[in-house]
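Both of the next two complexes hold chain A, though its partner changes from chain B to chain C.
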Partner chain A sequence: MTHSAENPLHHPEVHQASLSGYVANFLITVLVMTAALWLARDNSLPAGSLVGWTSLLALVAVLVQAYLLLHMNWSKAQIWHTVAMILFVPLFVVMIGLTMWMFHGLYQRTAIAMPHQTMAAPMHPAPAASAAAHTVKAA
Partner chain B sequence: MFVHLQGPWNPVWGRLSLQAIPYQNPILVGTFLFAMIAALAIVGAVFYFRAGPYLWREWFTTVDHKKIGVMYCLLGLVMLFRGFIDALMIRSQQAMAVGPHSPGYLGALHGYLTPFHIGQVYTAHGLIMVVFAATPLLVGIMNIVVPLQIGARDMAYPYLNALGFWLTAAAAALVMLSLFVGNFAHGGWYGFLPYFELPYSPGVGVDYWMWAFQLSAIGTTMGSINLIATIVKMRAPGMTWMRMPIFTWASLSTNLIALTSFPVLMVSLALLGLDRYFGTHFYTAGQGGNLMLYNDLFWVWGHPEVYFLILPAFGMMSEIIPTFSEKTLFGYATMVVASFAIGGVSWGVWLHHFFTMAAEPSVNSFYSVTTMLVGIPTGVKVFNWIFTMYRGRVRFELPMLWALLALFLLLVGGMTGMMNAFAASDYMWHNGVFVVAHFHMMVLLIASSIFGAVEYWFPKVFGFKLEQRWGKWFFWFMVLGTAWVFVPMFILGFAGMTRRLDYVPVTQWAPYLRVMLVGMAFYVVALGFFVAHLYVSLRDRMKNRVGADPWGTTRNLEWMTHSPVPAYNFAFIPRVHARDEWAWRKEHGMANLGNESFEDIHMPRNTGVPVLLGALSFALCFALVWRIWWLAAACLGLVVLVIILRSFARKTDEVIPATTVAGVERAAQDALASPARG
Partner chain C sequence: MSASTNTRMQPGSTVLWEKGDAAGHDALGTRTFGFWLYMLTDAMVYAALFAAFGVLAHNAGLTSKSMLASVFDAQAAYRDTIVLFASVLAYGYAMVALKKGSRTGVAIGIIVATILGVIFLNMVTGDLEHLFSQGVVPQLNGFLSIVFTLVIYHALHIVVGVLWMLVMLMQMGRDGFTSNVVYRLINLRIFWHFQAVIWVFLFVFVYLQGKVI
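This part shows the complex of A and B:
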C-alpha cells in the first residue's frame, strides 16, 4: 500500500470493465465449450480432426477470455500485461510439443493402441485392441 | 450422472459412517489421544489467558504480511513434525520387518504396520513434507522478507495473502483429519494411475489426498500471484531491477514457476476427479484413457515444483553467506541469471521422473541432457558462494552453519542428481532408494536453508535473537542424523533396494536398516535440542533483545527498520541508492537518519473473510471426499456468496495516524537506548 488513498475506481484497468463484454465472453465461452463437448461425445469425426477441432475451439476460448475477460489489449494501461502473457506462450509450446513428441514415440514402441484405434472399437477388451494395433502395423 | 459406488451411501451422510473411525487401531487411537491432549492444552491456555479476542483480532483476521508469514511458518513447523513422525514409522517398520522370521505385532505379519497402513504413512510423509511443510515454510519466509527487502509496506494484495494462507491451512487440516476419519491414499504421494482410479482404490483415501492437494495448490497459486505483483509493482523508489536483493530475485523466479506450473497440477488432479466422480476415462487403462498422461501432467508440475522449493533456499543462502563473510555477494548478475536459468530449464526436464516409460531413446537422451544442464547454473551458484567466502571474514554463527550444511548437501545431492540424469543407469535404480536418498539430500538442503533463514531473520521479526548453545547441539545432531540415515540409504540403493517396502526380503540389508534407525534416534535427540533451543530463547528473550541490525554486517533493506518490524514496516518509504542499500548507507554514514515529521500511513484493514472462506473450503472438500452432496452444494454456494458480498465491502483500508507512528518510532528508539540490553 505504498500509493495513497486514491479511489481505486479511477484506475485505468477498472475502466476496461463492461457488462456487455462480460456477457459476450460468457456466452461465447459456453458456446465454444459446449461445441467441443458435443464433438467429443458425438465421436463421429476421425481422431486426427477431432483433436484438431477441439484444439481450435480451445484456442478460441482462450483468446476470447484473454480479450473480453482479462482485457488483454495494446492500450497503455494493459500492454505490459499482454506482453507478459505472450512471453508465457513458449511454455505452452514446450509443454505440449514435448508431450506430443514423447507420446508419439511411446505409442509406436508399446502395444498401447493408438487413440483412434481404441475409439473405433471402444467396446473391445484391451488384448483385442492391441492385437488389432499389431495387425495394422504389420499391414 | 455420478459414478456407481462400491459400498453403502446415503443422502444425509454420504459414505460417512461409524466404521470410518479407526478405533480398533491402537496407533491411531494413541495419536488421537495425543492430538486431543495437545488441542485441549492449547484451547485451555487460550481460555485461561483470555487470549481468544487477541488471537482473533491480531492474528486470525490479520492481513499483515509478517503475521501471515509467521502463521505459515508455524503451520509448516507443525506439519514438519507430523511428517517426521511418519518418517520414524517408516524407518522403524523397515528395521523390524526384515526376513521371513521377523516377528509381527498389532496385526501385521512382519513389523508393526500392515501394508495398507504403511502405504498411508509414506504417502502422507511425502505429501506433507513437500506440500505442507516445505512449501508453507518457504512461502512464509518469502512473505515476511520480500516486502521488507523491496521497501514496501505490505503485499500487493493483502486480502489475497490471507486467503492463500487459510486455504493452505484448510488443506493441511484435511490431511490431519484423514488420520481419524477414514483413511489416506496408500500408493505414494504423487499418485499411481490407474491404481488411483475408483475400481482399484475404492476408499476415501485417494479423495482426501486429491482434495487436500488441490486446495493447497489453489492457495500456493494465490500466494505466487501476490509475490510476483508485489515484486513487480511495489518496489521502493530507486530499487531498480539490478538493485534488488538476490532473495527477492529468487522469490520472483520461484513464483513465476509456481504461477505457471500449479495450474497444470490442478488440471491433472481435476481430470482424476472427473474419472473418480463422473466415470470419465482420462487415465483409465482402456476405453481411450491414457494412464501415462497422468504421469506426464503431474511431473510437468512436479519438476518445476522442486525448483519452486529449491530457489528460495538458494536465495536464503545468498543472503546468509555474504552477511557472515562480511563481504558483498560474489557475482550478483550471474546469480540472477542462474536463478532464472534454473527456472527456465525446470520446464524441460520432467520426463526424467519416468525414464522407464519406454519413450524413444532420442526422447530419453533429450531429457538426460536437459537434466544435466541444470548443473550449470547450479554450479555457478555454488562457485559464487565459495568466492563470497573466499578471503572474507567468515563467522560461524548458527545461520552460517546451516547455510554451509546446505551447501554441502547441495554438492552431495547435486552430484547424485547428475548420476540419476543418465537414462541408462536410471533403468537400474528406477524406484530404488538411491533416488530416495538423492532427493532427500536436496530437500534436507532446503530444510537446512530454512533453519538458517529462521535463525537469521528471527530477530528481525520478533526483536530478539535465538540463543546459540542449544541451537548448535540441534545443528550437529541434525548433521549426525542425516549422515547415519542417508549414507546407508545410498548404499542400499546401489544394493538394489526398492522404495516403499513394507517388508524387506533380503536379510543382508538388516545392518544398514538398523544403522538408519540409529540415525533416526539422532534426529529424535535433535528434535529435543530444538525444543530446548526454542524454550531457552523464549525464556531469555528480554536478555537477547536486538536493534535494527542484530548481526552487524547485514546488507539489505529489511535490516534498516526496527526489530520487531512495526505494522507499517517503514515510517518513511526508503529511497534506494545502491545494490546492498543498507550496507551502502552504513558506509556513507546514513544509517541513522532521524526524521521527526511523521505522516499518516495508509494500510489495509483486517478482515475475517479469509478465515471464513478457509473454513467453508475445508467443509466443501470434506463433503466431496465423503460424497455428501447437499453439504458440498451448500458450502460451494456459501463460498460464492461470501466472495460476492466481500466485493461490495468498502472499508477495506484504514489510516494509521501520524501521532501513532511517532509513538511507535519513539518507543523503538527508547527500547534501543535502554540499559536492559545485553
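This part shows the complex of A and C:
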C-alpha cells in the first residue's frame, strides 16, 4: 500500500468512518444497556440469572462496538487489527479466569468466612468457639 | 568500495528502514496498528483490575448493604453511560467529516465530544465526592479499593482523552490535515471509542452486578 505519499485523507482507515454505522452503534448499545438496567432495576431476579443475562447483554454490546466502532473486520486495512484483537481474547480469559479460579480454590480451602457467608452458614466458627469456652471452664 | 565489489553491509551507511513517505511504506497504517497494540496492552491492565475485582468480591460482605447500594448506583451509572456513548458518537461524526475533508465538521464533532467528556467527568467526580463525604472511601476494605480503582482508572482515561482532543483541535487549526494530524486523529478515535467498550464492562460487571456478587 502506498498511501502515505498521497493525500492522507485518501487512506482506507480514514474512509472506514460511517455515520450510519456510528448512529446504529449508539442506538443498539443504548438499547442493550437500557435492557441491562431494566433487568437490575429492583433486585427481583435471582443473583445467578441477573449475572448471566446482564453478562450476555454486555457481550452483545461489545460485539456490536467491535464491529461498528473499532471496525474489526477482514478488510486489507483492518485485518491485522482484528487478528491482534482475537489473539488478545484468550489472554483476557486466562488473566481473569485463572486468577478467579485460583482464588476461589484458595478461599474454599482456607475457609475464610466473610460476614455475608457466615449468615448463610453460621455454624463454621461457632463450634470451635464453644469448644474453647468449655476448655476454659474445665481449666 | 562499492556494493558490487564488496557485498558486506556497511553498518554506518546502510538504510534498513525508509523513514517518512517512502514508496510502499504505509506510515499511517503502521502507526495506527502500533497504537492499537498499545490499547490492547492497556486492556490487559483493565483485565488485571477486573480479575482483582472478581477476587475481592469475596470480601463484598465486609461492606454494609446500604453502603453497597450507594456505591453501585445503577441509575447514576446509566446516566454516565448515555453521556459517554453520545461523546463517542460525536467523535464518530468528526471522523465522518474528516473523510469529507471538512475542518469545520471535524472541529464541531471534537468540541461536542470534548464537552460531553467533561460532563461525564463532572458527573463521575461529583458521585465520588458524595461517596467520600459519606465516609465511603477506598481504604475501608479491599473490595471498595478495587471498585474505586476501576472507576478512577477509567475516569483518568477520559481526562487524557479530553486533553488529547484539545491538543488535536490546536494542531488541526495550525497544520490542517497533514499526515501527522490525520494519523493522530485516527489514533484518538481508537482511544476514545475503546473507552466506550471498557465502560460497558464497568457498567455491567461493577455497577449492575456489584450488588449481587
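In this text, the second predicted complex is superposed on the first by the 94 of 139 C-alpha atoms of A that agree within 3 Å, B and C clash if a C-alpha of one lies under 4 Å from a C-alpha of the other, contacts with A are read in each partner's own complex, and residues count from 1 in each chain.
Quick note on the criterion: a residue touches a chain if its C-beta (ideal position, glycine included) is under 8 Å from a C-beta of that chain, and two chains touch if they have at least 3 such contacts.
Just so you know, these numbers come straight off a predicted model, no measurement behind them.
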Partner chain(s) touched by A:95 [first = chain B, second = chain C, both, neither]: both
Chain B versus chain C as contact partner of A:103, first or second or both or neither: both
Contacts of A:51 with chain B and chain C, given as first, second, both or neither: second
Contacts of A:24 with chain B and chain C, given as first, second, both or neither: neither
First (chain B), second (chain C), both or neither touched by A:33: second
Chain C versus chain B, contacts on chain A by residue: C
Contacts of A:61 with chain B and chain C, given as first, second, both or neither: second
Doubly contacted residues of chain A, that is, touched by chain B and again by chain C: 1-2, 4-5, 88, 91, 95, 99, 103, 112, 115
Residues of chain A touching chain C in the complex: 1-5, 8-9, 11, 13-15, 17-19, 21-23, 25-26, 29-30, 33-34, 36-37, 39-41, 43, 47, 50-51, 54-55, 57-58, 61-62, 65-66, 69-70, 77, 80-81, 84-85, 88, 91-92, 95-96, 99-100, 103, 107, 112, 114-117
Complex contacts: residues of chain C adjacent to chain A: 20-29, 32-33, 36-37, 40, 43-44, 47-48, 50-52, 54-55, 58-62, 74-75, 78, 81-82, 85-86, 88-89, 92-93, 95-96, 98-99, 101, 177-179, 182-183, 186, 189-190, 193-194, 196-197, 200-201, 203-205, 208-209, 211-213
Complex contacts: residues of chain B adjacent to chain A: 152-154, 158, 234, 236, 260, 264, 285-288, 290, 292-293, 296, 300, 347-348, 351, 357-360, 362-363, 573, 602-604, 653, 655
Residue ranges of chain A in contact with chain B within the complex: 1-2, 4-5, 88, 91, 94-95, 98-99, 101-103, 105-106, 108-110, 112, 115, 118-119, 122, 125-126, 129
